[in-house]
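Pasting the structures here.
Both complexes below contain subunit A, partnered by subunit B and then by subunit C.
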Partner chain A sequence: MEILKSVFNYLVFPGLLFSVFAGLMAGWIDRKVSARLQWRVGPPWHQNFTDIIKLSGKETIFPQGGKFTFLLSPFLGFLSASLVAAILGWSILNPDKSFSSDLIVVLYLLLVPAVAIILGASASRNPLASVGASREMKMVLAYELPFILAVIAMIIKSSGAIQLGKVINHQLFFGSNVFSFSGFLAFVSIIFCMQAKLGLVPFDASEAEQEIMGGALIEYSGLGLALFKLTKAVMLYTMPLFVIILFIGRDLSPLFVILKFVGILVIIILIKNTNPRLRIDQAMRFFWRVPTVLSVIAVVLAIFGK
Partner chain B sequence: MNFFQLFKLDSLNGFVVLAIGFFTVLALVYSSKFMQAKRGLVQYYLYMVITAICAIGAVLTNNLVLLLFFWGILGLTLYLLVNLGGEGANLAAKKTFVIVGGTDALMLLGISILYFLSGSIQMDEINISLTGNSSGLGLAAYLLIAAACFAKAGAMPFHSWIPDCADKAPLPVVAYLPAAVDKLLGIYLLARISLYLFVLSPAVNMFLMIAGAVTIIAAVMMALIQHNMKRLLGYHAVSQVGYMLLGIGTGTAVGIAGAIFHMLNNSIYKQCFFLAAGNVEQKTGTTELNKLGGLAKTMPITYISCLFASFSICGIPPFNGFVSKWMIYQGVIERLSSGFNGLIVAFCLVAAMFGSSLTLASFMKLIHAVFLGQRMNQQENKEISEVKWQMWMPPAILALICVVFGVFANQIPLRYFIQPILGNIVFSGWYAGVTTLIIMIALFSGVVIFYLNTKTVYRKDQAFVGGEALDSDAHAVTGTEFYNTVKDIGLMRMVYKKAEAGVFDIYEQGKKIFRVSDFLRFLHNGIMPTYLIWMLLGMLGLFFFLR
Partner chain C sequence: MSHKVIVPIGPYHPLQEEPEFFQLYVEGEKVVDIDIIIGYNHRGIEKLSESKHFDQVAFLVERICGICSSSHPYAYVLAVENILGGESLVVPERALYIRTITNELERIHSHLLWLGLAGHFIGYNTVWMWAWKYREPILDMFEMITGNRNNYAMFKVGGVRRDIKDEDIPILKKTLDELVPAVDMFKGAVMDDPVIQARLKDVGVLTKQQVIDWCVVGPTARASGLNIDVRRDDPYGAYDKVDWNVIIEKEGDIFAKTVVRILELYECVGIIRQCLDKMPKGPIDADIKDIPAGEGIGRVEAPRGECFHYIRSDGTNRPIRHKIRAPSFMNVASDKVSAVGGTISDATLTLAAVDPCYCCTERVTVINKPDNKKILNGWDLIKLSQEKTNKIKENLLK
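And now, the complex of A and B:
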């Protein structure tokens, strides 16, 4: 019975199916707001669903060699992204029942979609995909340092809690983490990291359509491509949720979660629509300077209890 | 003297002996094919067996002098085995012998001090506290013995023999000694002295943690820019030791358990890596990354083993490397406090977590350059096929253990190997079983969807490069230039230049200190009258002194 319940949690709510739905809807908000900013009308709400369904019915072309890795790595990324969604959703619903030290598990699982993209790109035997893979990995190195620092600042802030439920409970008593010096700095830093983790402009050098034609995803078609798109959608739901839990987790009733989620989404969309793409070395320099310094200050402040 | 006082089996060394035996068997099976046509096989197998016996002796012994004896023989066989490699192996062997042998001498001094302090050479009778004020000698003894452990395991600053050795020695030797058994020995002895022989003070704990954090970051940064598969793996063999030092340094139950578990895991996947590298070398004749590529299709078993080991070393859940790293992080986080100490602990935590991303980066480069990516030298690669079973089976077994130890961490390794050491502490969390089951089901259903979905068509085609003709030699991205951007960023460039010039290499720096010996060499000119004059002067001095 317990196993059935976890299977349900993982596959339906708040895991795979729900996160796909929420992610695609978030993607629609993204497309609609971007369109309005550019004085276009924008797609109807079901456009993303239609796209995915259409894509998964299309022919799958795989390049010569590396078939096993090429076909399985989209699943790897998609499954781990939705697993994160399940863990996060579960700990919002039952803060007291989350398993111990799940925060670190989440941190590592959030890395897996990038790994999946890199492996898939490497397996596709395409020089442009290799360039994309290299850029993706460098981007991971760039944002991971400030990201880890920001998360550690919040771990210290929540008096050493590495359990999502405890982080939430801590904020329930002491107010949201963002309303402190360290919390605010870490929040600013993590917003940038989130943008890069989602692979959105200005940090989308690994997929730069104009230079390397989709880079890492160039050889993908059909179901594989659909799965990578779904992974992105799930991440678009998961990452803001993670930030909400860490930083603004005081009131997590459904209405407030949705409001906060939309708020963060708007920040993401604004950054995306007002910035040009950075070159990979510019992005690395940026991440190792501004957000890293912000996060380091946040960690120091958090240690001294600010 | 009672025989049972010489050797003692307890929960800490029991599973280490088991692991050494297991690794020996795998290395010997592997060597039976790899070393087949090489010279000096009698010596090779003899040294391997002596190594195995002495390693087991060193782990089981309860007598410090006996430990020193076994430890010394291990240093000697290591030298002899490294020397069996090809060109340039003698220099690597010399370096190994100087560093390992030199620290063995330090250990002798440390054990003498220990005897002076406690009046016993039985390990289970010694218990020295480093917390008091008058513990200077005890601290010296601890640090001297720890230096030998650092050198054996390859922690900084005694690490520099491992990359050289990995590059030059025969690969089964590297996979067996520096990658697996030496790690077990070094960390086992460190754990033994840190947990049983001494009671550590907070300052020593902090020292271990910082040494660990620096080792992790510095070695992995060097690994990132390597062009040779063996050297890259060698630097990772150094980097992973940092996690174990960090875990032992935390002094918390979960941290120490994590460190010991990581020691076991690291030996498993590191041996897997070096054996896989041996397969690649056997089939292609090189381990230079820019000459390899696209081997996944021709050597699938080696590829899958290497991929699983990579997932494991990078700490991707649910592989075994994740579980042990995750325990170490918990231990470090338990030590977080406010004030200056908290800052250092936070630094160690960041180093460990970011080090893990850097590890991921360099292994993605390795996988891309060797197994995936574009195929180099198409004509030559056509004849490559999977190696013989004696060579693919050991890495495959090790990769399988990586998965099993990760998924069933609580049920098998933690329960039987790690928990007995620490008594009644129970680890909670990470019920990987259910999650993995779901992932397995989902992956399996993915495969089924792929094969059952008859409506969609699968087609094989050339890679698309914007309509140009694909010339794999001209267009190939080898992976060696993956991280040139990192290498070129301001401060990094300077540090890398210094590192490549050997500024952080204790062996190169040690040479400078021993410039003193140049004067002695100048005196030793081999001319009889010079020596006579010195003897005369010496006698005069002696007479003057005894006057």
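And now, the complex of A and C:
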């Protein structure tokens, strides 16, 4: 019975199916709000679902060689992203039952979609894809350090518990982390990192359509492309949820989670629509100069209990 | 890394809406060399023009390019009027003003179009949509004045085809008044945005000497400090009867090119306002019947630079030679110096910064391969095309 329940948790709620649904809806909000900001009408709510369904029915074209890695990497990215969604959702529903050191698992799994893109791009042997892969690698090097440091700051704040449930419970008693000095700095830093992890403007150099035609994803078609799009959608649901748990996790009743989620989504959309794309070297410089410094300060402040 | 990789931009690429082919030789992200291959858009317009009579050619050259569809016919009618003795002698004064207004409206819509595309190219889609939103009323004005949003059918030898009605003038003025705050907004958004400055400053720099060496024209040249503008150097229309300034920037980078185009929008609005005020009453067409034998040239400052037409007539009702040189022909070539040395991201911007228009450019196809030094002339191309057609025929029969 327990096993069945776990399987249900991973596959249906709050895991794979639910995160896909929530992610595609979040993607729709993104498209709709962007459209309204740009004086356009925007798509109907089911557009993202239709896109994915149509895309998965299309023929998948394989480049020469590396067929296995080429097809494996989209699954890898998608499964790990949805696994994170399951873990995060589970911790919100049952903060007392989260397993030990699950934060480390989450950090690892959040990195896998980026690695999957690099793998898939390299397997496709396209010069544009290799440029995209190298840019993606540079981005990972740029944003991963401030991202992990910001998470560490929050771990220190909740008395060293590397466990999502304990971070949530800590905030239940002491108020949301974002209202402390270290919490605020880490929050600002992690917002930038989130934008980069989601591959959105201004940090979307690895997929820059106008420069390298989608870069890493250029050789993908059909199901593989659909899976990468789904991975993006799930990440768009997972990352804000992760930030909510770490920083504004005081009240996690369904209504408040939705409100906070939409709030963070609006921040993402606004950043996306009011900035041009940064060149990859500028993006790296930015991440090492601003968010990393903010995160380091946040860690130091957290050690002193601020 | 010393491993050279070719990154193709084209023949079909989301960067530019027309077929073109840039081969970027890159080492890592750095562009070390670039090959510019154009000729995907050749339509044989010069040859076509020899089979049409003088009135029809104006409609033909209008269709060279949807954006410069006033500059090309204007340059063409100037060339024909040059045979007749010159525009100012032949054409009634009111027609001169109407021609100027049409040409400046075109410059506004073209610069706004480029501004939007430039926003799109740096991933700033909000600027793209907003610029095109403010371009829309200008197209409406075209529809009001000429009857068409594009391909205006406004120019004819000896005058213009349609008059600007008195009741249209206030509407036109009101639209221009509403455009100015929008341009103010873009000026602020571009000049004060630190991220845009980081992307555009010191990128794709063309020095003044390079501009002269590569014969660059138009806003691209003016952004590098070269003071050229056909409207002032060789006045046509009503440009010598109104007050306006040639916008010059010194830096030569993409930021300067953007600034030049935005500031030119103000000048365009100023020119149109003055023309509307000064426009005299009178006929709009000189009703030319015959074109004598002779040859003439017409130069017009198109939104992208100097547009040049050459016409030779033998006294019949058709030109026997029509030569067109569009500004992008020179501007695109300058990418060879400006795009090399930057990264791929910068190179794509640099390619777009000259506001290339391939359908304007491609009048003749010369293929010059460095390895076998083979240059194809018109006859070779026709032979090639015939061989290819025969091959396709054979394949079909099989």
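Remarks
Here, the second predicted complex is superposed on the first by the 306 of 306 C-alpha atoms of A that agree within 3 Å, B and C clash if a C-alpha of one lies under 4 Å from a C-alpha of the other, contacts with A are read in each partner's own complex, and residues count from 1 in each chain.
Definition applied: a contact is a pair of C-beta atoms (placed from the backbone, for glycine too) under 8 Å apart; a residue touches a chain by one contact, two chains touch by 3 or more.
Because the structure is predicted, anything quoted here is derived from the model rather than measured.
Using the contact criterion defined above for the overlaid structures, shared-chain residue A:238 touches neither subunit B nor subunit C, since it reaches no partner. Judged by the touch definition given at the top, the superposed model places A:205 against subunit C, while subunit B stays out of reach.
In the superposition on chain A, contact of A:292 is made with neither subunit B nor subunit C.
Legend: residue contacts after superposition of the two complexes on their common chain; A:280 is shown touching both subunit B and subunit C.
In the superposition on chain A, A:63 makes contact with subunit B only, not with subunit C. In the superposed model, A:124 lies in contact with subunit B only, and not with subunit C. After overlaying the two complexes on the shared chain, residue contacts for A:133 are found with subunit B alone; subunit C is out of touch.
By the touch criterion stated above, A:40 is placed in contact with subunit C alone, subunit B being left untouched. Ranked by how many residues of subunit A each touches, subunit B and subunit C are led by B. Overlap of the subunit B and subunit C interfaces on subunit A comprises residues 127-128, 130-131, 134, 213, 280-281. Residue ranges on subunit A touching subunit C, taken from their complex, read 34, 37-40, 127-128, 130-131, 134-135, 201-202, 204-205, 208-213, 273-282.
The part of subunit C that touches subunit A in the complex is made up of residues 5-8, 13-15, 26, 28-29, 119-130, 133, 193, 195-196, 198-199, 343-346, 348. Put simply, subunit B touches subunit A in their complex at residues 294, 296-297, 300, 307, 314-317, 322, 326, 329-330, 333-334, 336, 338-339, 342-343, 346, 349-350, 353-354, 356-358, 360-361, 364-365, 367-368, 372-375, 428-431, 434-435, 437-439, 442-443, 446-447, 449-450, 453, 455-466, 475-477, 479, 481-483, 485-486, 488-489.
Contact residues on subunit A toward subunit B in their complex (touch as defined above): 3, 6-7, 10-11, 56-66, 68-69, 71-72, 75-76, 79-80, 83, 99-102, 104-105, 107-109, 111-112, 115, 118-119, 122-131, 133-134, 137-138, 140-141, 144-145, 148-149, 152, 155-156, 160, 162, 213, 218-219, 222-223, 280-281, 284-285, 288, 299-300, 303-305.
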